[in-house]
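When the chains are written out, they are named A, B, C, D, E and F in that same order, and each has its own residue count from 1.
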Amino acid sequence: MWDAIITLALAEDIGTGDITSSVTVPAGTQARGIILAKSAGVLSGLEAARATFHHVDPTLRFTPRLADGDRLAPGQTIADVSGPARSLLAAERVALNLLQRLSGVATLTAAYVAAVAGTQARIVDTRKTTPGLRLLEKAAVRHGGGFNHRFGLAGGVLIKDNHLAAIGGANRVRRAIQQARAGAPHTLRIEVEVTTLDQAREALDAGADIIMLDNMDLATMRAAVAEIAGRALLEASGGITLEHVRAVAETGVDLISAGALTHSAPALDISLDVSLEG
Amino acid sequence: MWDAIITLALAEDIGTGDITSSVTVPAGTQARGIILAKSAGVLSGLEAARATFHHVDPTLRFTPRLADGDRLAPGQTIADVSGPARSLLAAERVALNLLQRLSGVATLTAAYVAAVAGTQARIVDTRKTTPGLRLLEKAAVRHGGGFNHRFGLAGGVLIKDNHLAAIGGANRVRRAIQQARAGAPHTLRIEVEVTTLDQAREALDAGADIIMLDNMDLATMRAAVAEIAGRALLEASGGITLEHVRAVAETGVDLISAGALTHSAPALDISLDVSLEG
Amino acid sequence: MWDAIITLALAEDIGTGDITSSVTVPAGTQARGIILAKSAGVLSGLEAARATFHHVDPTLRFTPRLADGDRLAPGQTIADVSGPARSLLAAERVALNLLQRLSGVATLTAAYVAAVAGTQARIVDTRKTTPGLRLLEKAAVRHGGGFNHRFGLAGGVLIKDNHLAAIGGANRVRRAIQQARAGAPHTLRIEVEVTTLDQAREALDAGADIIMLDNMDLATMRAAVAEIAGRALLEASGGITLEHVRAVAETGVDLISAGALTHSAPALDISLDVSLEG
Amino acid sequence: MWDAIITLALAEDIGTGDITSSVTVPAGTQARGIILAKSAGVLSGLEAARATFHHVDPTLRFTPRLADGDRLAPGQTIADVSGPARSLLAAERVALNLLQRLSGVATLTAAYVAAVAGTQARIVDTRKTTPGLRLLEKAAVRHGGGFNHRFGLAGGVLIKDNHLAAIGGANRVRRAIQQARAGAPHTLRIEVEVTTLDQAREALDAGADIIMLDNMDLATMRAAVAEIAGRALLEASGGITLEHVRAVAETGVDLISAGALTHSAPALDISLDVSLEG
Amino acid sequence: MWDAIITLALAEDIGTGDITSSVTVPAGTQARGIILAKSAGVLSGLEAARATFHHVDPTLRFTPRLADGDRLAPGQTIADVSGPARSLLAAERVALNLLQRLSGVATLTAAYVAAVAGTQARIVDTRKTTPGLRLLEKAAVRHGGGFNHRFGLAGGVLIKDNHLAAIGGANRVRRAIQQARAGAPHTLRIEVEVTTLDQAREALDAGADIIMLDNMDLATMRAAVAEIAGRALLEASGGITLEHVRAVAETGVDLISAGALTHSAPALDISLDVSLEG
Amino acid sequence: MWDAIITLALAEDIGTGDITSSVTVPAGTQARGIILAKSAGVLSGLEAARATFHHVDPTLRFTPRLADGDRLAPGQTIADVSGPARSLLAAERVALNLLQRLSGVATLTAAYVAAVAGTQARIVDTRKTTPGLRLLEKAAVRHGGGFNHRFGLAGGVLIKDNHLAAIGGANRVRRAIQQARAGAPHTLRIEVEVTTLDQAREALDAGADIIMLDNMDLATMRAAVAEIAGRALLEASGGITLEHVRAVAETGVDLISAGALTHSAPALDISLDVSLEG
């Protein structure tokens, strides 16, 4: 499924053709490229990079020297790719754009995971992913040591504030949970977003499997953990930063979801060095 | 062309359907959403957001209250969207993901542009864009006051270090420029990347229209500006940060290209608030 | 998403064009078609039929006279469609093929649902749907009064005999459940297929949320119901027929899944009668 | 062309990924699957099954043990497939859904063909095929010993009652045939649907190559056979069942078309048994 | 179906965008374009032109002043199109490319048709059409007064020299025809290509419906006409030029097929003149 | 990118299948085809032909005997293709359609190039290419010895009469050039179409890089060459024919663009001869 974004990225970058290579690099030139980390981080995106080179030219040979999830030191070789020079140059930018972004996500995730080390909290992603890159970024989160929330709207029932607003009326938390139980496939858990302790109690009472504590302060979260007492999973969400994620984890919540993992991870610096083959 | 990424993003997010809305929000419910800025920045992505809502349901009414390129203050209304609640909820996340990312790019670009105010340098983007979002991010750069470099490999001749490595041999800068002049469409300028003053002279002498000064220190850039004396455009590139971009601009270069505009802009915080209609 | 199958069905049926209409029916002829039930059943497929006509020609006016889920009597009018005669004739066969099949699924489901009336068992579908028609057939099951199992491989964890065979080793039921709990998104329940009472106990003990009783005899199912005592959902599966479904329901299981609902429902007889308009 | 339905079926089934296999079956596990007939019938769909496995993973090895058109006995091995366990499990359901449905069509067709054995009548299919599966189901009809009617609207001129209604006026059968002769490619025969003996005479007189006898009783069909006397092909159509198809064939018609072959064939029971490889 | 070629043509022409219009023509400018014939001919392609403008911008208003099949005089207005100037300019080239080519085909066809006026021969096209433009060029042939041969490989049985070579052995013409009769849908006529009078006799004897006389001299064609005497249709084919087409028609053949109609028709000169609206 | 047109061409030609081969040529028959030039010209289209055969069947072996750009003599072998006879016959027509058209373009281009031999003028193509075949026809122009103008609207700024009409007002040539300089990527040259010497002066003065002399008589072109004196490239355009192209070249212009190269090149006669293999 993530193939589509590679096709699209190559189409928008190559367009009617790589005019520079076609007029300056002789057809038939064989070259070798070394993909190098320029800064420290966690690697993600090898499969996407390989697929990018193979989309452009199935005769390019892509040889990873590391695995997704590996730690990167500056100067380290990530992979080799060799074959027709024109193909290598045409694929270079898209392959690097993917590697840089996905390794950026894995690297930031690893920082969040490290920050909560020793607590029982899972760091999980959100649906705030880059359009078209959902599956690749969710894999990057796993490469960084995080866990995945649902993959999309079909992968779980999550009743949020905007659903509750659209439902309206009294007892909307209770009614929503009951309708979800009655209508959704029995294979899905039911999660509901709450902002107060009272709502959390109402959700538990109505049978929620998971309760999302949205933008709660630490004290309220601690109270919710005490009150719910393991009868539902608790997920902290909203404005989670690297700075205060440990404090959140120490409240005792089960899950901490952070949009920043995917929407604001800076690219990791990775480059390709080409040399003539043979 | 940017329509494809919206189709893809909706497919990956909605999948087999928005199960939460379909079991909790009654069919026929009409709702209104207000898209709000949660922090300061520059707006970009209105057309993409509108297209996202209309892909999901052509009966949703999307009314922008601002224009792309406008400054945003926290709490400001960006747009209204109203119609069937289920459609609105199904489109919400993808529309916001696009708006947040593109406004992030525009906001970061505006910071770079402000930093070089009063110099003659243009801030330009690169091909280090998010896969699938090239055209939207290039527009976001313009909304932030920046300028566009070529849109892809077909939009200009740019002979980089990796091309020169694949060409090999002596006088490779000169030979590459001559071949480009002979073979490329006459509608394209010829740009070449150099790392030394000597290479810059060779490029000028061989007829380059634009010379990219790659990762040069400020003193060498100043020397290049003096030496080339307007006979070719000069573009500074490589490791450009918001901190030192003004110093680069003050060397007198014509263009400064920064990959960070698109590969490392943090998302701008934008949300959607739903209420029942009527 | 179900739009794709309509595009495909029209492409394979119309091909290079409806030669009969184009040479015998004058361009500009306006006609009216009445879609009629020819036998009794439950209606499903109105949206697919409407979409089919609109794909061929957006100016065709499609007016349903009934709603999906309604009971059909022979001779009853389901919908009118009017506009250019050539368009109507070109779309007719695909629209009817969809209506007949989907109403067939709804009709068979309704028979299963009626058979278990008064018990607590839900009739649910499976992934044994017609290729390309998953979403439409799942809707048809709901129109017939049934419920949906997961929509696809991403919509739930279901550990089947073939997974257990591929895992191998001792305690495979337990290990599989534990790994699923550790690795799957927390929004998904975990279901496991068992064939003996011992396996059912192992599954419960390991924390399964749902236990599928595969091809068990009625006595064993009753024992499983007694033993599990509501601590997990129980789903009967395998060789469920209309003849013995009530006996299965009376064992006290929560869910009964039947592949026949979608893989062996005969088409319901529905036709289109055309007359000249005006 | 039938590739599209496989792509679509896999997309709707796999969606964002097979979560069960990915969390329970170790990457790299090699497995072997045996595809088994669970009941008697006629095989069809080997190419579609092979393509399904190869779409998911080109390294899966699919080895048929029988050929399309072969008779199946319960317990007989149809094919082996071996390779990465996760790939095998991800493709299993779609491959089986195709094999079960297509073998169901071949099996039902074989029953019709057997019923008319010894007469000169051909059993032919219709356009009442499953959306997206036209070519595969037409092949299944051939595997069952039947023959194909036109593949779609472009593959023959067939003037039906609804065309005649849209043409209107007197002598519409005659006029329609003449216009078809004048306007259609000369490579296509002209067939017309009639409901009475008089219309059959008018059709013959106007030059029809094939006359479809729609829902006629046996006596009228016999009269038509006598009257037309081989000057046009005669095709019986409408409400053809396995019970009375022989009586229809014995009237002497050349062709008998039955929608039930494709719209109401129950799936044949076929399963896949997985074991660890090596 | 011909929509796909328009999507493709616009994608290859517009690529990442019409940079000229976007930087020189103010957004919001309204313009009017007049499509003009610059030389005499026969019009074809109005629907394709309309679709092209609407693909680029559904708000463009396209108003034909003539109909496909109409004679064109130099300077005559073919159609008006008005709306946003940027949209009009972006669509102009593709719309004209289609109109020029299709009107070229219609014009050349009309010349062939005129050349055989008064004979009984139909001028028919071939499969030697422009890739992607099959349906549009077949319509252009009709607009020029010609007739269509089969639309593709599925629209008729045509046994050519290369089929006979691949069949091999004695009596290959006879065997091929018999196999076609036995295996092809009964809705298709059977045509066979022959190069000698003996082969024509063999074809007739074996039951061919249509006999293609390939590259025969006029005398042999006349002999074939006499010999076959209306018992099969005769189609002259191979190297048909405007110069000798009348002589061919006067042999008495029923059909004359000419690849040149579609593979070598020069474009008709048609242009678009833009002016500011209002 | 040119792959799409091959997919489309095969889809429209093969449709629901090559019925002739499937009923007359035994499955498994192996054949060999020789692609032959039937008249003199310049070859183009080998890659497209190879891709066509491989789309239909990856096991077909395609062996070119010549290279694109080679001169063809009648009777010369262009390529061999061997493998399954049915695949070869199914691909034949589309492969030949492509080869004939592209070799036609290369052949006509070579005639224009020969006509201007010894002058400094480049023969260049236009955007008047066949819809869907842009890249292949641009390559054919190069194979014929010509040069490429921009590949599409994104590959250069070219301000034409219709842009000037949409801009309106005084000094529109000057204003358009200045806006293009300010807004277009710096990698693109700026070309403007003029019809008079005065406009040419205005364009030069405003900073145009290239001036297109549209439909000028020879005397005016000579005057423009003298006046511009190398300060901008000069491109002659409009109504360029093979007859007067040399006279145009002798005025001293740098480039001559001719739409006829692609919109009116007659197909080159190329055929495929099949024989049984082994």
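One rule holds in what follows: a contact is a pair of C-beta atoms (placed from the backbone, for glycine too) under 8 Å apart; a residue touches a chain by one contact, two chains touch by 3 or more.
Since we're looking at a predicted model, the values are computed, not measured.
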| item | value |
| --- | --- |
| Chain copies touching (chain B, chain E) - same or different residues, decided at half shared | different |
| Cα superposition angle of chain A on its copy chain F, in degrees to the nearest 5 | 120 |
| Recurring contact interface, reference E-F, options B-C, A-B or B-D [over half identical by residue number] | A-B |
| Maximum centroid distance from chain E, chain identifier (CA atoms) | A |
| From chain D, the most remote chain by mean C-alpha position | B |
| Pair joined by the larger number of C-beta contacts - A-E, D-F | D-F |
| Cα-centroid distance, chain D relative to chain E, in whole angstrom | 33 |
| Centroid spacing, where centroids are CA-atom means, of chain C and chain E in whole angstrom | 45 |
| Distance from chain D to chain C - Cα centre to Cα centre, in angstrom | 21 |
| Set of chain F residues in contact with two or more other chains | 1, 12, 14-17, 134-135, 151-152, 154-158, 185, 188 |
| Pairwise touch network: line, ring, star, complete, or other | complete |
| Chain D-touching residues of chain C, taken from the complex the two chains share | 1, 4-6, 8-9, 12-26, 29, 31, 33, 85, 88-90, 92-94, 96-98, 100-101, 104, 127-135, 151-163, 165-168, 176, 179-180, 182-185, 188, 259-260, 263-264, 266-267, 272-276 |
| Contact footprint of chain A on chain E as seen in their complex | 12, 15-16 |
| Residues of chain E touching chain B in the complex | 11, 14-17 |
| Contact set on chain E toward chain D in their complex | 122, 124, 147-152, 154-158, 185-189, 191, 210, 233, 235, 254-255 |
| Chain C residues within the chain B interface of the complex | 1, 134-135, 151-152, 154-155 |
